[in-house]
Amino acid sequence: MQLILLTLLLLGILGLLGAVVLYVTSQKFRVDEDPRIEQIVALLPGANCGGCGYNGCRDFAGASVSKGSLNGLYCPVSGADGMGRIAEILGVEADVHERNIAVLKCNGNCKAREVLFEYDGVKSCKIMDSVAVGTRGCSFGCLGCGDCTEVCSFGAIYIDNETALPVIDTEKCTACGACVAECPRNLIELRPEGKRARRVWIACSSHDRGAIARKSCANACIGCGKCKSACPFEAIDVAENLAYISPDKCKTCGKCLQVCPTTAIQANFTPIAKN
Amino acid sequence: MTKTFRIGGVHPAPNKTASREIELLPLPIIAYVPLLQHKGAPAQAVVSRGEHVDRGQIIAKNASFVSAGIHSPITGTVKAIEAVVMPDGRPSTAIVIESTEQEHLADSTSRSEYWQALSNKTETCASAGAEDIRKSIIEAGIVGLGGATFPSHVKLTIKEGERPEVLIINGCECEPYLMADDVLMTNYPSQVIAGAELMLKAGGIARAVIAIEDNKPEAIAAIRANLGSNTNISLQVVKTKYPQGGEKQLIEAVTGRRIPSGELPLAVGATVNNVATAFAIWQAVACGQPLIERLITVSGNIPETERRNYIAAIGTRLSAIPATLPARSRVVIGGPMMGRSAVTLEAPIVKGMSGMVVLEDKAKRPAMACVRCGACIEACPMGLEPYLISTYGRLRMWDEARAAGVADCIECGSCSWSCPSSRPILEYISIAKKRIKKLS
Amino acid sequence: MNQAKLIFESAPHVHSGRTTTGAMYHVLIALLPAICCAIYFFGFPAVGVLATSVAACVATEWAITRFMLGRPTTVFDGSAILTGVLLALNLPSNLPLWMVVSGAIVAIGIAKMAFGGLGCNIFNPALVGRVFLLISFPVAMTSWPVPFDTDGITGPTILGLEKLGQLDPATLDMTRMLRGDIGGSMGEVSAIALIIGFVYLLITKVIKWHIPVCVVAGLALVDICCGWPPVADILSGGLLLGAIFMATDYVSSPVTTKGMIVYGLAIGIITAVIRRWGIYPEGMSFAILIMNGFTPLINQYMKPKRFSTRRKELAV
């Protein structure tokens, strides 16, 4: 009995000593940090996705506090609301940022593009782009292996089994840019969400001449320029056999969608048909 | 004494079973001649639709210094200048020429006569000057025929102070199945040597070494027999080991010198060219024949009678090669270690093609975990750690890949060949290499 | 040319034909002489221990991959079977079977699967199982049966006697030790059987000579320095079994030959130190496990010699 009590006493004293040592050292070696950093970190999503351009949420918080303002700092995941709350802590104004969404500049689904040959190799877009023009013909189009889906930390992108193309979930997409960097063919672009969440873009990245592009894919942009002529706002430019819609000039009127002969232009809304 | 490179190397089964007799692959009726068959800027067409061209006539000029001209392999009319599919499925602009029956017959006859007479032609053109030789090389559209297709005149235009002290003529042909260089040296040894002499003169280089792997006794004997009077060209037999024909490894075997990381052969006083290039240069200077055809080996999982070495004209479709393919085949353009899969046989033969190997459809074994056995390290001729670099490439750790020396990788494939877990080592190293190059 | 379906694959398009599974089965073949000797000297109980060990290892790996990881089973790659055999050969033939099973579960479950499965284990799984059993059941694990015995007699091993000071190594009968009718774990007794296995592995190029030779060299070095007859030491205990079959495990050993030399020498030296000055009569298992821990460090510093020298000013 005595032994047990002695043991308990000794261990208790050791524990207490340990606690005292820990406390003293934590106070003595404490790093003084601006308390606002902790507050901002608590507000941030904690995904450490790098979409802000900094090494994780803590780095972003540190940068915003040291800068003293939110100039040029934007966390796409927090969005305008989150940035507003961070701005309150710092006592500054948040920059006005439009929400961006990732869009896929390729519409070469299974119906539009044939599988030209059997590929026995590693199923990775980066590797296929490096060693094979891709089993789907067009040397610019989506390879469908899903490298982009692997890097998304928000589960916002998945490969549709029927079209073999990635689909971006607009609710979850934070425009952090991970998929943009990952795609070896640069098929994903971050475009503004658009007024009333409407946007139009050219879903093709092929620079092949019209005839060649069309041969590879039924939905290819053939660089005919009809969209450019139809656009009342001069938002479309055609260069190197490929059209491009400038997001800042586009007013989502949908006129280009009506004239495009190959359905290379995509919109996330249905424009009212004008005949 | 057989010399060799000291680090790494593997011994794939040689399978050099094609017939040693050279056969002329019939000229095509329609030739598809791509404008880009070399490193550098694509050639620019100098003919247009409807124009008549003769066999050997120039149809595209080199666009810049680092470029090469293209010549017509057949007499005929230019049908079109359009996109033609290449073996890997990519489209490439090509000049399409069609000949009539008579033109085809006339070409074939004169071609047979040319090749029949060629063995006896032994002009060395010793009187030709360096400038003239280089001009002939440009005018004949000659590029490196070992596979790199670097325009040859560029390699031989060397500034006075940078002259290498040795020109190595690469007769190693270390890839399994391929025998084109072997039969070339066996049948046309004096012409190859004469070509080497012309290259020495053109580049202002003092001496040449013809390097042949020791598994080619006929070629060695033929070259040795014909080297009699040349005091500045010698023969070096090297050990049969893959990749002995790789530039860096060959230079080490012949001269003992190693090219430092990121440097060119000139940095160690050497330059390397393939035997077929030497032969093409001799043909250009001595016979006025531009580069319109070359030796290729057709081998692999096809009946023995179809495994041959052909003299094939540029622009001939691969489908014209007599070969009974297995219902499901893996056709490789080049050798099986570094060659690229062909996904269509509608593609044309180009200058850089050294052979076509048909392999049976044996699905690649599923990859197992890396067990750190060290086979890839033992195999790597550049002394790298392939398993490590491959993992870095897969995990997107580009800085670590660079530190591990990925830029030194020659992509010979020895690592993947030797991996008992059948891991896709080379694929990931390639993308790491590309990314590092892009980033720097 | 006929119509054919062309399939795309990346270079290289040929392969050496060597496989990891093939290597495992070569090692099993190399162990056959030792297994046969074990059965010959220790009889039916040896079969029981072997069979139980292999079955338990395979079952553990199957169960973990199926129920915990939800992955396709990996038991057919031969590594679980090999671990089972190696574990059994390290055990006395009279070990209660339930202990064998627990050792197998620790070997596969903890030392191998918990680290990530094949290729990811830091420590040799069979040795971890053995050391677990040694520490948990020290009496059962050190009661060595006498060869050919049917009465359940057990006795100390040669090393045990040497540690107690009751045996002078200079008086040992080498031929008996080579043959194997001495006390010890099932696989370690017959030196000849193990050496035959070593030669087989060298011929089939499954292992390189560096590790076993350096282990023996390291041990001999220390023995010579302290005046102990080295040959007897080499032939006794689990040295040959460990040097040839345990230390050469791909995953837990260094990847370059330079590293292998350092690793082997260190194992030999540590084994000799434990044998001469440690409490345990047998030091092989611990020495190998210690050096397994150093393997990543060795791999980090013993890099292969590069072909190209770096340009000093090359910043990239």
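Read from first to last, the chains carry the letters A, B and C; within each, the first residue is number 1.
One rule holds in what follows: a contact is a pair of C-beta atoms (placed from the backbone, for glycine too) under 8 Å apart; a residue touches a chain by one contact, two chains touch by 3 or more.
Remember, predicted model here, so these are calculated numbers, not experimental data.
Visitor: Make each chain a node and each touching pair an edge, then name the shape: line, ring, star, complete, other.
Guide: complete
Visitor: Relative to the centroid of every protein C-alpha atom displayed, which chain's own C-alpha centroid is closest?
Guide: Taking the mean of all protein C-alpha atoms as reference, the closest chain is B.
Visitor: Could you tell me the distance, in whole angstrom, between the mean C-alpha positions of chain A and chain B?
Guide: 44
Visitor: Give, as an integer number of Å, the spacing between the C-alpha centres of chain C and chain B.
Guide: Chain centroid spacing, chain B to chain C, equals 48 Å.
Visitor: Which chain A residues sit where two or more other chains touch them?
Guide: 117, 120-122, 127, 131-132
Visitor: Residues touching two or more other chains, restricted to chain C: which are they?
Guide: 5-11
Visitor: For chain B, what residues touch not just one other chain but two or more?
Guide: Chain B, residues with two or more chain partners: 330, 340-341, 343-344, 364, 424, 427.
Visitor: Can you list the chain B residues touching chain A in their complex?
Guide: Checking each residue of chain B against chain A gives 83, 88-91, 330, 340-341, 343-344, 363-364, 424, 427-428, 430-431, 434.
Visitor: Flag every residue of chain A that touches chain C in the complex, lowest number first.
Guide: Spelled out, the residues of chain A in touch with chain C are 117-122, 127, 131-132, 135.
Visitor: Across the complex, what residues on chain C touch chain B?
Guide: My answer: residues 1-2, 4-16, 18-23, 77, 117-120, 250-251, 253, 255-257, 299, 303-311, 314, 316.
Visitor: Along chain A, where are the residues that touch chain B in the complex?
Guide: It comes out as residues 116-117, 120-122, 124, 126-127, 130-133, 137, 139, 208-209, 212.
Visitor: Sort out for me which residues of chain C touch chain A in the complex.
Guide: 5-11
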